[in-house]
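Below is one structure, written out as structure tokens; the observations come after it.
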Amino acid sequence: MDSSPTPDDPLLQARRTAEAMFDDDRASRALGITVASIAPGRATARMRVTAAMVNGHAIAHGGYIFLLADTAFALACNTHGVTVAGAAEIVFVQPARERDDLIAEAVERVRFGRNGLYDVTVRRGDGAVIAEFRGHSRQLQTRQG
Amino acid sequence: MDSSPTPDDPLLQARRTAEAMFDDDRASRALGITVASIAPGRATARMRVTAAMVNGHAIAHGGYIFLLADTAFALACNTHGVTVAGAAEIVFVQPARERDDLIAEAVERVRFGRNGLYDVTVRRGDGAVIAEFRGHSRQLQTRQG
Amino acid sequence: MDSSPTPDDPLLQARRTAEAMFDDDRASRALGITVASIAPGRATARMRVTAAMVNGHAIAHGGYIFLLADTAFALACNTHGVTVAGAAEIVFVQPARERDDLIAEAVERVRFGRNGLYDVTVRRGDGAVIAEFRGHSRQLQTRQG
Amino acid sequence: MDSSPTPDDPLLQARRTAEAMFDDDRASRALGITVASIAPGRATARMRVTAAMVNGHAIAHGGYIFLLADTAFALACNTHGVTVAGAAEIVFVQPARERDDLIAEAVERVRFGRNGLYDVTVRRGDGAVIAEFRGHSRQLQTRQG
């Protein structure tokens, strides 16, 4: 009982805000993206590369790699209240292939004023880096608990 | 007859290389992306925002905006031979909504050595800017005609 | 007389705001940077690469190329009122050398809300591209004429 | 004696390559930039903001913040042999002021083929973040010991 989270437990609140966003994100769920973990300023999301995401050589379209990273970024920055993605950069390190299980781990780098900067690394199941993403967020409203 | 393109007509060759790439790009075609125009160093692609691309508020996932821009970029840089996207940056100017017809216009900014830099503007049908994208390409092999 | 600018002539106002900023910019002036032209959303600045800006092989430090581009960007975005640089990307196309006369031309790409995006190309006197820069601005206050 | 580095000690080699680059970098040294530490894939550089680096409000020109970050980046990536900066992004978190002692810490994020990606955080002496920089390097030749 003592260990049960209080109404303003930061971890619980972070999860609630991010999960509300994800429940609303039909696009990510339609692609089979799942949330692996959420904590304040952090989130991990997974996606399997399907036949619909690849070209004739079974290499994933870079847009889907970006999409997975962007979803993890949105989950992480929404743990601080309602935020929007203003901009992002991505570096494609190596191709992903059909049936690869990809894991995108988003970590807050810095927050200042209503702005935030998040680094997302997309890895294959065996740990090999597929892409490095950096997202710029902007908070729309403060969280009211 | 005189006006028929010769085997090494640059416009024809650009189209052939880019179209071969697009034929191979099942991911883009599965999303209903179509090619509107191709010329050396330039390409325009279209996509309608579908229900599968949006969240519960009918706003398109940024990942799909990126994907459209990335496809136009790939078409434009492949007019110079087989190239790969090494990195990209995107700025989200305003949200796109379900049923919006989006047009991504990619224009080569500079090429140097085997590298290229392309600017892509994503617009709604009425001309309003949705996103600005900049892609970094790297040529894998020279075109041999 | 009819052609004399009125107090709220946009070109005149753009110049005044940007020139006030530049007069204040001791850092840029100390490097010998000069303003070649200013118009709403546009500016051109020049800099000669000096011995203090290069390494032992007489190649300019990339930081000085960035600095020139950043100055042209600041001039261009300040034609719309007091703005600050929030972020920037630069691609180094080829090295500049001691005694090269560099010209940075900044052009507004898009403005939305209080945000702006500017493209700056840095060229050598002979027109060769040295760097491509993209700056993200944010307006602090609206101009009150 | 046993602990003395062997000729191919990686730490020693990293230092030698980076220090050779820095000795050659007259531009950085002319600004009073000093190297605080070097290890394979990592480097820390310091710079005091001088009167020549600021505007009339004693706020440092963003170009000098970039220059310091770029120098730390160059030191870090040159620990792997001769590399060049191909591109970089910077986010300005808060202004630096005259007489601030700035510390730029560069850390390798990923290397792939001849490419590398480095994150550089610029902090004030009290630890406050001034800027976040990400640099893209490309190796020109392999190190031959």
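Order as written gives the chain letters A, B, C and D; numbering starts at 1 within each chain.
Criterion: a residue touches a chain if its C-beta (ideal position, glycine included) is under 8 Å from a C-beta of that chain, and two chains touch if they have at least 3 such contacts.
Source: prediction; values computed, not measured.
Participant: Which contact partners do chain C and chain D have in common?
Facilitator: Touching chain C as well as chain D, we find A, B.
Participant: Between chain A and chain D, what's the gap in Å when you average each chain's C-alpha atoms?
Facilitator: Distance between chain centres, rounded to whole Å: 29 Å.
Participant: How many Å are there between the centre of chain A and the centre of chain C, using C-alpha atoms for each centre?
Facilitator: 35
Participant: Quick check: what residues of chain C touch more than one other chain, meaning two or more?
Facilitator: Each of 86-87, 89, 91, 136 in chain C touches at least two other chains.
Participant: How are the chains arranged in terms of who touches whom: line, ring, star, complete or other?
Facilitator: The chain contacts form a complete graph, every chain touching every other.
Participant: Looking at the complex, which residues from chain C come into contact with chain B?
Facilitator: 89, 91, 93-94, 109-110, 112, 117, 119, 121, 129, 132, 134, 136
Participant: In their shared complex, at which residues does chain C touch chain A?
Facilitator: Going through chain C, the ones touching chain A are 86-87, 89, 115, 136.
Participant: Which positions of chain D touch chain C when the two form their complex?
Facilitator: Contacts found on chain D: 23-28, 30, 51-57, 60-64, 66-68, 70-71, 84-92.
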